[in-house]
Amino acid sequence: MLIEALVVSCLLGAAIVFFTPDRYAPKLAFGLSVPPLVLSLYAYVAFDGSGNALLGGEIAYETFAEWLQLGPYAVNYHVGLDGISLPLVVLSTVLTTLSILSAWTPIDDRQSEFYGLVLLLEGSLIGVFAALDFLLWFVFWEAVLIPMYLLIGVWGGPRRKYAAIKFFVYTNIASLVMFVGFFALIFGLGDAVSSTGMPAIAEALRAGQLGYLGTPTVGVPPDTLAIAAFLAMFVGFAVKVPVVPFHTWLPDAHVEAPTPASVLLAGVLLKMGTYALLRFNFTMLPEQAATLAVPIAAIAVISIIYGALLALAQQDLKRVVAYSSVSSMGYVILGLVAYTVYGVGGATFQMVAHGLISGLLFMTVGVFYNATHTRMIGDMSGLASKMPATATVFVAGAFGYMGLPLMAGFMAELFVFIGAFESTVLPAAPVFTAIAMFGIVIVAGYLLWAMQRSLFGPFELETDYELGRAPVHDIAPIVTLVVLIVALGVAPDLIFEMIRDATLDVVEFGFGGGS
Amino acid sequence: MVTMANEWLLLSPAAAFVLAALALFVIDAFAPEDADGGLLAAVAAVGGIAALSASGVLLLSGVAADGVELFGGQLVVDGMSLLFTFIFGSVTALVSVASVDYIRELPHKAEYYLLVTLAATGMSLLASANSLAVVFVALELSSLPSYALVAYLKRNRGSVEGALKYFLVGALSSGIMVYGISLVYAATGSLLLSDVASALGGASADYPGVLGVGLLMIVGGLAFKTASVPFHFWAPDAYEGAPAPVAAFLSSASKAAGFVVAFRVLVVGFPIGTIAGTLDWVLLFQVLAVVTMTLGNFAAATQENVKRMLAYSSIGHAGYALIGLAALTNAGGPGAEATVLGASMLHLFVYGFMNTGAFLFVALVEHWELGRTFEDYNGLGREAPVACVAMTVFVFSLAGLPVGGGFLSKYFLFAGAVGAGVPWLALVGAVNSALSLYYYSRVVKAMWIEPPAEPLGIERYPTALYAAVLTAAVVTVLLLPGLVVFDGIAFEAAASLF
Amino acid sequence: MAVPFETLAFLLFALVTVGASLGVVLARDVWHSALLLGAALLSVAAHYVMLRAEFLAVMQVLVYVGGVLVLITFAVMLVRQEPDAGMEGVR
Amino acid sequence: MALIYELTPAIVFLPLASFALALFFGRWMPKKGAVAGILATAGALGLSVVTLGWLLLSGEVHDQTWYTLVDAEMGVDLAFGILIDQLSAAMLVIVSLIAFLVHVFSLGYMNDEGEPGLPRYYAGLGLFTASMLAFVMADNLFMAFVFFELVGLCSYLLIGHWFTEDAPPSAAKKAFLVTRFGDYFFLVGVVGVLVTFGTAGFAGSEGFPALAESALAGETSVNTFGLSTEGWFSVLGLLVLGGVLGKSAQFPFHTWLPDAMEGPTPVSALIHAATMVAAGVYLVARMYGFYALLPTVLGIIAFVGGFTALFAATMAVVKNEIKQVLAYSTISQYGYMMLALGAGGYVAAFFHLTTHAIFKALLFLGAGSVIIAMHHEEDMWEMGGLKSEMRTTYLTFLAGSLALAGIFPFSGFWSKDEVLFETLVHALGGSPLLFGAYAMGITAVFLTGFYTIRMVMLTFHGDPRSETAEDPHSVGWNVKFPLSVLGVLAVVAGALNPVPIEMLTGAEVDFLHDYLYATPEALLTGAEHYSSLSSYGSGAIAGGEIGTMLVNAGLSFGLAVAGAGLAFGLYRGGSPARHTERLGRVQTLLMHNYYQDEYQVWLAEGFTVRLAAAADTFDQGVIDGTVNAVSSVSRSAGARIRQIQSGVVTNYAALVVLSLLALLVVFAILGGWF
Amino acid sequence: MVLETVPAEYYLVLSAAVFCIGLFGILTRRNALVFLMSVELLLNAANVNLVAFAFYWGNVTGQTFALFVIALAAAEVAVGIGIVLVVHRNFDDVDVTNATTLKW
């Protein structure tokens, strides 16, 4: 019942905050975000699952109840956590709590609605990571869109409407394509499964029970079906991730979104895409993934390099960070396609690490923005002398992003690189890996450049705002994030152990896992 | 064995409408000066609630699970007919309650409610019609009051013009349909669906053209009722012109009625297995579905008027529901066919609430005299948050986001299409659905994101209209988890048609 | 082979039906249309008689010619514009 | 396990603690964290010395995993381990000594000058020291990389210490970026090593050099990704070398180092003498067991080293700022070390590393002292005549300079001589390609002598050429103390390994040689093991080994003295002339550093930034354009579609009928009705 | 039998002709009343079929249905004329192409 308690505490919190006067909303929302956080931390501490939830592992906090009937298939209420989903749930709760704190300063309009939506978003996100039935999962998956649409649309920047609708429609159309693809698989399995439960489908697919979609005479043959479904799902999730060339909604959404929404968008929402890729494409259709390894790896590498180049070209700090997410997510894809323990585990680790780091950077940019009301790199310089603590954290975050050792990002990237390098699924794996790794140079380039321009040098600012030290509730969340990032960098096994545990089964599919 | 008494019992949902209509006659005859129409609305609403309760009880009791034929097979009461009668009852009740405030200032309220209940009677008969003759009669019974309802605001040019167009296209369509029926009769010698089906083998060999043209024309008549392309032309104009509650009634109940009769006529009367050689109506419906949803959604995307946008969106939804027929390719086996058809029914079921709710919200705004364009809705969320939350639920549910049952039903439909071997149809639907998100979210954007140009000055909060809107919203939301109550019924009802 | 009487009668009435129908849609004056519609309906009634549907024929005459046509005539009168307003509205 | 090895981690943790203390509490601490830093580095130095002593006495080495980051059940473990052998123990002492002295010096250089941001400064120094020490004791390549990178971070922070000015942040960025570029190759190499061998350990039969050795011998097989075994190992070696070239500022990655002079001078001392720049060379020495297997790579290392030694020396000749001269000399000297390593002179390389650490730290601190005196003026043409005002500084600086110039009997002479000797011997022993490297090295000796003495002359001799030079600021004990310590060491450090003396007298005085040969065989990290791996043969010219030695020593000493003499001759007198103009266009070339910066800046800004801008245009135009086009096409399609709804009901009817007719025709044909 | 010599196809042709004439009227005439009358022609065409084939098939289904059609046609005309009258009141005209305030 822990997961239910988590989701319900979020939704209940959302409802309460929604009807609270604006004056009390920020603090109340923070208070109400603590129970889910505590619950998730308890879930982490008391975690007793093992193996992969879809592939016959011990699922922690499992709940199962019958729900709907879709023709011949039962749609059940089935939730549970394993080593892949638990870290992401904790990530969601942590980032939500912190982003609520970071919203205290910038959000001064319609607060109760804002915090209500944030908590609603948190509940949906937890649902996405916990759901083990496809349709239930899809409910949460789509539910995430609504609060995010409104968060961007109502509290965003000048082009918020354009950005919000772009985000909304683009990711929605992708979800629909994915949905069609996945259901083609379910129906292709025919009688081999009797429900839309993800574990059953995963095992049936891995057992090679995919048959014709329709009848053998007029239907789609299993091979074609599997590839087509794989592609449909891949495209669907790739938009969410986002992967080049489906990424253009991201910078717009990020730039226009208010800081807390950016934090959650980059920190958790993007992970939905990679999480889904791992859960669906790479867990359920390993052979197709192996067949398409080269194009997927190529896309990953292009995302990394091209995304980094785009970040380099930006003048808006937030856009820099936004494009860098495209780049970072490329590592996840590369890790996934490698099909090694380090690759897939590293991809998962990177989801968490990038969640924390990009969240940190967005928050820090937000703190600067609160003070200066500009994000254009050319408009400011020498901020470090006026806002030393924030600048320190920004530097820490930037180095975290660059993959500085002993910070989470480095471990994640290293895992991915090792995993990708040793991949036996991906032809010319070292070449792909080596090219992808060049991203760490470009990322250093644009972040150092951005820091040099904005933080250092003589103080200049082309706005009328008085600069002062940031308040404690702005600093506290970013410092917390730095601590978490370093903790994960120094002791990756805090979560990597459970992640690895859950990925072993994924990569064990005839092409060996790791060295 | 069904006794006479039981037969009448099975017709109790329809009877509820008839009784309500009679009661309205009586009340109007003896107390014509009922000032606010509350009693009249209550009677109509009670009629609707009685109908939905009766059909609900009958559904749950399972007496009609296998289908009970009445009057020599002219009528049939089965899961599908009861499910749809449930829809008609709910929509009638909602519309009646909402209309109290909407037509408070207008004369001839009794006629209004009378026409509503009579149209509902026609619809419930349509749901049970098992012969082409009954189909035509019931269709006219539900259509003729609708024409009049659209023209209810008889000093309003839009209302009258809408009625004129609705009527003219309707008359043309009914002419085409009855001619089609006559041709089918010419080819098969029967109007009873089961007899038509059994006569198909021989007759279609003799007169393939006559039968084919006839069926095509019947489909045309049904397409008119469901507002499917190319017989949809009346819909945007009539919905926009009509009083908003009437538009709600037409776009929800009347459309559902068209679909229920289409399902029965085509699946029972013209099984695709035997008639495919003459007229592959599955292919026909594939064309219609694609064209309908595309045209509806694309045209909706550029509307300035919320009501007209909803009108086009309802055409788009007709396109989705048509997938239920267009996917019966026999490629996925009978189970898959029942799934997609059942999903189509479920979608119409949920649609009955969410679409009615959306139009009733428009009615609420019209009641406030704020205007009908998106700009007129700007900033409404701050003035009337509760109603706007409800509207948000409606439009997002219509768009297929998980705030209401519309999410599940739409995706069931797409999933069913995939299972039935026409994934491309699901993809077309998916693309359209994503496009629909664009225009639906414009409403949300206007209400919540845009600031109002000037203070809206809302002073009245009409209780009945609010109650109807909120009820529809609550039911829509509850149908997300609560679809479990109806999904089995729908799929079984669909399976029993084959 | 000589054309049978029945066929001749059919053809005759069919000619009337079609001719009158054409007249309905082609007549410039709506009033003429109404009259020609009456003719068409009557000729259809004649067909009914030939088809051994005498009751229907009676109904056709009563309901259509007696009811519908009168209604239409009535409507024509109501909506007809004053002569000096021209014939625009009734074409 | 000896108690001392249980305390070894403290060598790292003490400076790390001073980092944390200074960062968080520095504002309230005495001397803003300097005291903590001094105490911590003193502690580290003490522990290092004890460790070295224990190693000397007992010969017990230490190699143990200390902390496992990732315990991958079916992959490579990622762990931190401590490897204390002769090499690392000695290096620990050097690093902690220099760090300690730099901390002390900073007290004078930074605190006394009232600089802002001192807690930050001392935090940076602490972390810098800690990272370097951890790097030194790393027992595997992964850990080495981790701390290698942290060293880079610290150099970024410290070089950019004066961030409110424009130049330091820019220099810091450049330093980090250029070394990062090298580290990119290093990281690929680390990953490659991890994947190829399943371990990154340096030492023992489980270490990757040993595995590589057995793989090359054909005893075991590893995944070589389609290349030949040696080919693949060479690729790995070169990849790791990328990091080395970056950090040790070897051509073509040397460009960051002169710019890094923007940092506070003590930091320069630390960077150049013992930490960052030394890290690269140390890494090659650390995994020499691997490189020794790969003659091709060794050749490349030797050539890069020799070339860098010469190349940097030429540029040092024309520089006007004292720290610039020192910077190029650093590049040049590390070139010698690389040359030694590449030429199989493992001991020589380490010897030179040691002596260089001492005299270069000394020189930088001395330069710092001068800069304090000159009120932060660095142009040598503004100085002159300082020797009378700054006795200690002058004497120690001179000692360091003579060491650098390679003048007998200062420490630099011995080590540089040995480097060149090893190169020559191996070149003679059947590797004629090394002659090229040797030639460059020996030429650079002349230039080194020249620019060193030029620097001394311009700074200390002649007449004061500015007002500040006439009345320099005085410096305190905290400046003089480190200078004195280092000055003494610079003179005597050559005694560590005076091979020529041993050759000539037969006395067993090659202590460093013996010391490095004493590493237990089991670790496979000893010089003895390396010499067994080496494919270099030894040869000699006419007079046998001693003759060769004498020729080489004579040549290098002669050239050094010649260079020094030339400089002395040119720049002597009260107001020396700027002779560089005489070089003509060569001067321009040298002042522009062979346009190395220009092309690298072009690569970064001209090429990459333009490429990025092009990518951005493409992204906004084509990719996002497509997205937006789909949206606007949809909308305009919608706008067109709705035009069907003309409002005229007759049209509706016509459209209904026509559509029906069209369907009728199509399905009539399909159904075969007619 | 009297009519055995008149084949059913003749009636089909007749009804089709009437139907087409009705359609033609609908498509070409703008007067709402003529529109109504044309619809009557459509319904009559259907009726001709129904009655003819009731005779042909020998059952009364067609005739009965035709009766219903007549009744409904009457009702439809009644409703239609009502609408035409309000249109006339609002637009001062019975030209169906005049009422075009609702479009697109």
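Order of writing sets the labels: A, B, C, D and E. Residues in every chain begin at 1.
The criterion applied here is as follows: a residue touches a chain if its C-beta (ideal position, glycine included) is under 8 Å from a C-beta of that chain, and two chains touch if they have at least 3 such contacts.
Just so you know, these numbers come straight off a predicted model, no measurement behind them.
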item: Partner chains shared by chain D and chain E (touch criterion as defined above); value: B
item: Hypothetical removal of chain D, resulting connected chain groups; value: one piece
item: Chain at the geometric heart of the assembly (C-alpha centres); value: A
item: Furthest chain, CA centroid comparison against chain D; value: C
item: Centre distance in Å when chain C and chain E are each reduced to the mean of their C-alpha atoms; value: 11
item: Chain centre separation in whole Å, for chain D relative to chain A (CA means); value: 37
item: Inter-chain centre distance, chain A versus chain E - centres from mean C-alpha coordinates, in Å; value: 64
item: Contacts with two or more other chains, residues of chain C listed in rising order; value: none
item: Multi-chain contact sites of chain E, meaning residues that touch two or more partners; value: 22, 26, 30, 36, 47, 52, 54, 84, 96, 99-103
item: Interface hub residues of chain B, defined as touching at least two other chains; value: 164-165, 168, 172, 176, 236-237, 435, 438
item: All pairs of touching chains, each written as two labels joined by a dash; value: A-B, A-D, B-D, B-E, C-E, D-E
item: Chain B residues within the chain E interface of the complex; value: 132-133, 136-137, 140, 144, 147-148, 151, 154-158, 160-165, 167-168, 171-172, 174-176, 178-179, 181-183, 185-186, 189-191, 210, 236-237, 240-241
item: Contact set on chain D toward chain B in their complex; value: 631, 634-635, 637-639, 641-642, 644-645, 647, 649, 652-653, 655-657, 659-660, 663-664, 667-668, 670-674
item: In the complex, chain E residues that touch chain B; value: 8, 12, 15, 19, 22, 26, 32, 35-36, 39, 42-43, 45-47, 49-50, 52-54, 56-57, 59, 61-62, 64-65, 68-69, 72, 75-76, 79-80, 82-84, 86-87, 89-91, 96, 99-103
item: Partner chain C, residues of chain E touching it in the complex; value: 2-3, 5-6, 10-11, 14, 17-18, 21-22, 24-25, 28-31, 33-34, 36-38, 40-41, 44, 47-48, 51-52, 54-55, 63, 66-67, 70-71, 73-74, 77-78, 81, 84-85, 88, 92-95
item: Residue ranges of chain D in contact with chain A within the complex; value: 68-76, 78, 142, 145-147, 149-150, 153, 156-157, 160, 163-166, 168-170, 172-173, 176-177, 180-181, 184, 187-188, 191-192, 194-195, 198, 223, 225, 604, 608-609, 611-613, 615-616, 619, 623-624, 627, 631
